[in-house]
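First chain A sits with chain B, and in the next complex the same chain sits with chain C.
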Partner chain A sequence: MNRTLIVLLAALYSQGVLAETHVIKAFLADPVEVVDEQGKLQREIAHKDTPKQPVPVLQLNKALELVQVELAGQKVWLDTRDLRIEPPLHVMSLPCQQMPQSLVSDSRNNSTLGYGAGCNQ
Partner chain B sequence: MSKNPPLFNRRRYLLAFFIVLLAVLDPFGLASSSDKASAQWLNRMFSSNYPSTGQQHIAVVLIDDAYLMRNNTSWPMPYSEQSKLFKRLLAYKPRAVFVDLLYSHDHSLGDPTQGSQLLANVFERYQRRGIPLLLANTGVTRGENGQANTLEQFAAFSQPGLVVWDGVDDKYPLAMPTALGLMETPALALYRQFCKDAACAALPENAEAASRLQPIAVQWGLKLAAEQAQIADIRHCAAPRNFVLDWVAQFFQAVFWKLDNSAQARCPYSLTLSASDLEVSSAQDQALVAALLRDRLVMVGASITSTGDLVQSPVHGLIPGVYLHAMALDNLIDKGMDYDREPANFPGWNLHWVDVLELGLLALIIVLKALHARRLAGLHPWTRWRKQEIRFFTSPYPSWGLVMLMLLVVCGVLYLNHITLVNVLGIVLLSLALFSERIEAFFDRGR
Partner chain C sequence: MKGYLLLASALLSGCATLKGADQAFLNLVGPSTQSRVQGHYVDNADVRQYYKLDPQRAGQQRLSYDGRTVPAAEARQQNLVDIPMLQVYLQGIVTRLSKGWPGELPLLQVKITDSYSFGPSADPYGNIFVPLGMLENVGSEDEIAAMLGHEMSHVLLHHHDRAAAFQQQKDMFTTVASTVALATVAANTGVDRSSGTMKLFSKDPAGTQKTIGNTVLYTSLANSFSDNVWSTAWGRSQEDQADLLGTDLMIRAGYAPRAATHSLERLNDFQGKQKPLLTGFLTARKNAMQDSLQQFNLDRFTKELDVLVKDGLNTTLSATSQYFNRSHMSALDRDTELRQYLQREYRKERRARVNTTSWPKVRDATPVAKAMQGYKDAYAATAALEKNKVPEAEAFIRRALSSPVKDQPNIRRTAYTVRLAQGRNADALKELKAIKDWSLAGPSTYDLMISYYLKRGDGQAALAMIDKAERNLGSEELFITEKLLANQQLQNTQQVQSVLRKCGQYPARKANCQKLAQVKA
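On to the complex of A and B.
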């Protein structure tokens, strides 16, 4: 019983604990866009008005790449692309993929895709 | 029998009329196929010399299978995934963006965490930042008779870019009448954005004026952008060669295509980034991607197995459809409104003056051939310049040279006027009829 409770509590607070470890070191965009939790634009903050000190991240929305922080006493969501966050939320180096090549003119693909995500099939 | 019979008898005139009729009616599409083959061959021959002016302003971002696998996602991509992709692109500050994806069905109805509003929110941010965004549009009324077109929530933050048309063969129109009114294609719409900061010759005033202009006979380039090697592995792409070597290779490839068709698989011309390239995290990599996308006209397309959006390029073979829009835009940036085109047809006829010019060249070959045959038969000269006629028509070479010279002059004049060239291959092959006696004599030798 106790073990289950501990696991549940750990799962509940793990995201918050994880988020607390991230800090906004710099605001890269000018202006910085303030959005809601769905990524809808709310307002803009001029770069000169952004905090000069590191700002701790309160919450992460990895699915939409948004972070919640407290600015001027208000909790707001920001786009991670406008920020330099330490440690980085994701690390990816240049994949240097092969340049796509054309298919020969008589190649054929006689199939179509099945259901994609979201169709609940 | 008359001592100096006419050059052609009645039956010959009847034959000439029949040939003209064949040209006009084009039975079985043989003449059209020959015209197309000639145009495609010429495009291949000149592709290595295509200027890179437009290439420096355009970038294609391709969503591919590798990107889907890397992000553990699927096709069609969930809106949350797409919102991330377009947010990343937005951060690189392109000049304008065309999305060659048709958002005609909401795949996430009733699911706010995955809903189309997530993507609409990002598109709204493009509008807010003043980055023009064009979405693929079919030009039909959505929902009417089950027809598909862009969802309303996306249309609110974007301009339409017409991606469906007919009646222009393999040409690329600037604008077309649709059920929703006159609509411009992505190439012209993005070219208008380009011209806001660049000196361009007079653009068509509006979509109506654009729709009256002839469509673009898209010319494809061959050499990859210099920056391409910085972002992708291009070792498998054909290395650039000397213009003459390319010419020779293209010529032999065209002649012996039945034996080896592999040379048609090539890397696309436009600067291409994979959607995965936008995900890079280090400052250095992000600076590289920013240098390639900032202030460029970006076209986002997909190359997913079994999605079927492929177009035929005479230079490359089958490539993702987004490259057609990119190449048409490239043609516009390179040549402005003096892009290559076919002349307009005569009213009520599927025939234009270049076709008449071709018939003229054909007529020239026939007249020269008749005069040559007359000389061989030892008949009296037909013209008043007897000595010159005898000298000129003793051998078929001067006649052939004259035809080639005329062809060259015609092609030169057409090229300078940005008109697609005449059927060069057809004329050259037909001109060989001037040598028919010699060819027959060669094969009959020793009989």
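On to the complex of A and C.
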């Protein structure tokens, strides 16, 4: 019982810490949708009325891709689809610098169109 | 003095092909494809032209792929990975995406490669190569669909014709620049008949020289522009188009388009976050260049080039090229443009949630998980070898050799490298010989075996391996010099002559074949 509680508290705490380190760097949509905690549309905000400075993320719901922030003194949920979040939520698990050179050098097909360049290309 | 410019301007405005050149420059400095598209991209006239497959074209492609005429430079470079359950799953995603394409479909075939790069790629024959690095990092089936849809779109939109189109544009630009030089010479050249023979002389040697000097510089700059930047301009447009069509296909197949953002964010992370170079330069120059090109005002454009030269751009072309690559083809720019397209054209569909359960089910299924772990262990063995940690490499390769993919080319090739590092040369060779399915092998793996047989003087075994390579990689060119050598070892004069004749058809190989023939003669 105690162990479950500790795990739950740890999970809650780690999520809070994670969320605190994120900011909304840009509002990409116009209008931006304000949603409820389940992602259901509540209202819209015109892009011109969105903050120009980075906005700290208070909570992050990774499963629904929602963030809670404070806008004009009110806590609201926004869909990450409308936002540029820093640091990004989707990153590589294997950093580029750990790519062995021998694998990188023969890891490209010639004369093909790829999704994007590799590290340092 | 401006006569040559007028002539060149006339050539420019009268040439339909150069409309493409103008567009290529607009790709560099103008608005994105996404912002110019009205309605769903898949329904646009630009895309409709590809609905119907050209049977002759399709026939030629199949002929190349089935035969042995794929140029060495276009042949697959990596080893393939055989994980049947994963293969079926990925092919299923392509099939599902294909249903959203309103036109005729070329053959599209997923092939998993042993690369730990992130981005998939496609070749003109409809092969979509999915690197293990991508599968190790994606979070959902929707994300996989975003990336496969993008690659399919390159094939559906015939983007591999780019090389030909690019060359055509480059040639046209060079022609214009040469025309400027020729026209200048003509305008300032007189004919001296006093000596009884016709002799050309320059009426304004200093002026002509100066103009030609500049023109040569501009031509050289233009060529460098073509090589380093212009191709990127085409590339940018094609990436944008593939993003748009890929997203349309995703939505038609019922996938969540927001997953495209996930993969583009990951791609951006993969590519690093270096600040674009020469930002100030482009900001200052882009409007002027765009105006000049839109109006085909070569005079102004020339002046702009002059500014570029003065700014020292001609010495920093590779840096410029990097800048264009990073700014205009940056994954985040693509993502931003794509999100705006989605908001404009798919207000409802963009709300769809990503399904995060289907992909983990496949990824974590025992046959897939064990196979992928085998490849990760081989990868770790190579990484350990790079750090000279041979015992560590041995531990990793031992694990890889107990996985279900133990007899696949990448694993055995890695084992070969580990054995060599251990000084166990005979065992190293045994590892290569243990490869079961050579149809999965890439050129470098074939190369090891062929070289071994040739060194031993076993021409027959070398020829058998070359034959496998030709059949499986579709290219005769790749190992034609080795084929010549093997036939020489066997003293098969008739075959030597035949291979020599064929070798003459490949400019990159011709000289080596001739050298080999001389040595033996």
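Everything below uses one rule, namely that the second predicted complex is superposed on the first by the 79 of 121 C-alpha atoms of A that agree within 3 Å, B and C clash if a C-alpha of one lies under 4 Å from a C-alpha of the other, contacts with A are read in each partner's own complex, and residues count from 1 in each chain.
Everything that follows uses one rule, which is that a contact is a pair of C-beta atoms (placed from the backbone, for glycine too) under 8 Å apart; a residue touches a chain by one contact, two chains touch by 3 or more.
The model shown is predicted, which means the values in this text are computed figures rather than measured ones.
J.: Tell me which partner A:38 touches in the superposition: chain B (first), chain C (second), both or neither.
T.: A:38 sits against chain B, while chain C stays out of touch.
J.: Report for A:30: first if it touches chain B alone, second if chain C alone, otherwise both or neither.
T.: It touches chain C, and chain B stays clear.
J.: Examine A:81 and indicate which partner it touches, taking first as chain B and second as chain C; both and neither are also allowed.
T.: In the superposition, A:81 contacts both chain B and chain C.
J.: Applying the touch criterion given at the start, work out whether A:92 contacts chain B, chain C, both or neither, answering first, second, both or neither.
T.: A:92 contacts both chain B and chain C.
J.: Now for A:63: first (chain B), second (chain C), both, or neither, which partner does it touch?
T.: both
J.: Residue by residue on chain A, keep only those touching chain B in one complex and chain C in the other, then list them.
T.: On chain A, the overlap between the chain B and chain C contacts is residues 29, 39, 63-65, 79, 81-82, 88, 90-94, 96, 98-104, 106-107, 109, 111-113, 116-119.
J.: For chain A, which residues are in contact with chain B within the complex?
T.: Spelled out, the residues of chain A in touch with chain B are 29, 33, 35, 38-41, 63-65, 79, 81-82, 88, 90-107, 109, 111-113, 116-119.
J.: For chain B, which residues are in contact with chain A within the complex?
T.: Going by the criterion above, the answer is residues 62, 64, 66, 70, 73-80, 83-84, 87-88, 90-91, 107-108, 111-114, 117-118, 121-122, 124-125, 128, 224, 228, 231-234, 236-237, 261-262, 264-268, 272, 274, 276-277, 279-282, 285, 288, 303-308, 310, 312-313, 316-320.
J.: Could you pull out which chain A residues touch chain C in their complex?
T.: 28-30, 39, 63-65, 79, 81-82, 84, 88-94, 96, 98-104, 106-121
J.: Along chain C, where are the residues that touch chain A in the complex?
T.: Where chain C meets chain A, its residues are 71, 73-78, 113, 115-124, 129, 131, 133, 136-137, 139, 147, 150-151, 154, 159-160, 162-163, 238-239, 242, 258, 261-263, 265-272, 325, 329, 331-332, 336, 339-340, 343, 350-351, 353-354, 356, 379, 382-383, 386, 442, 444.
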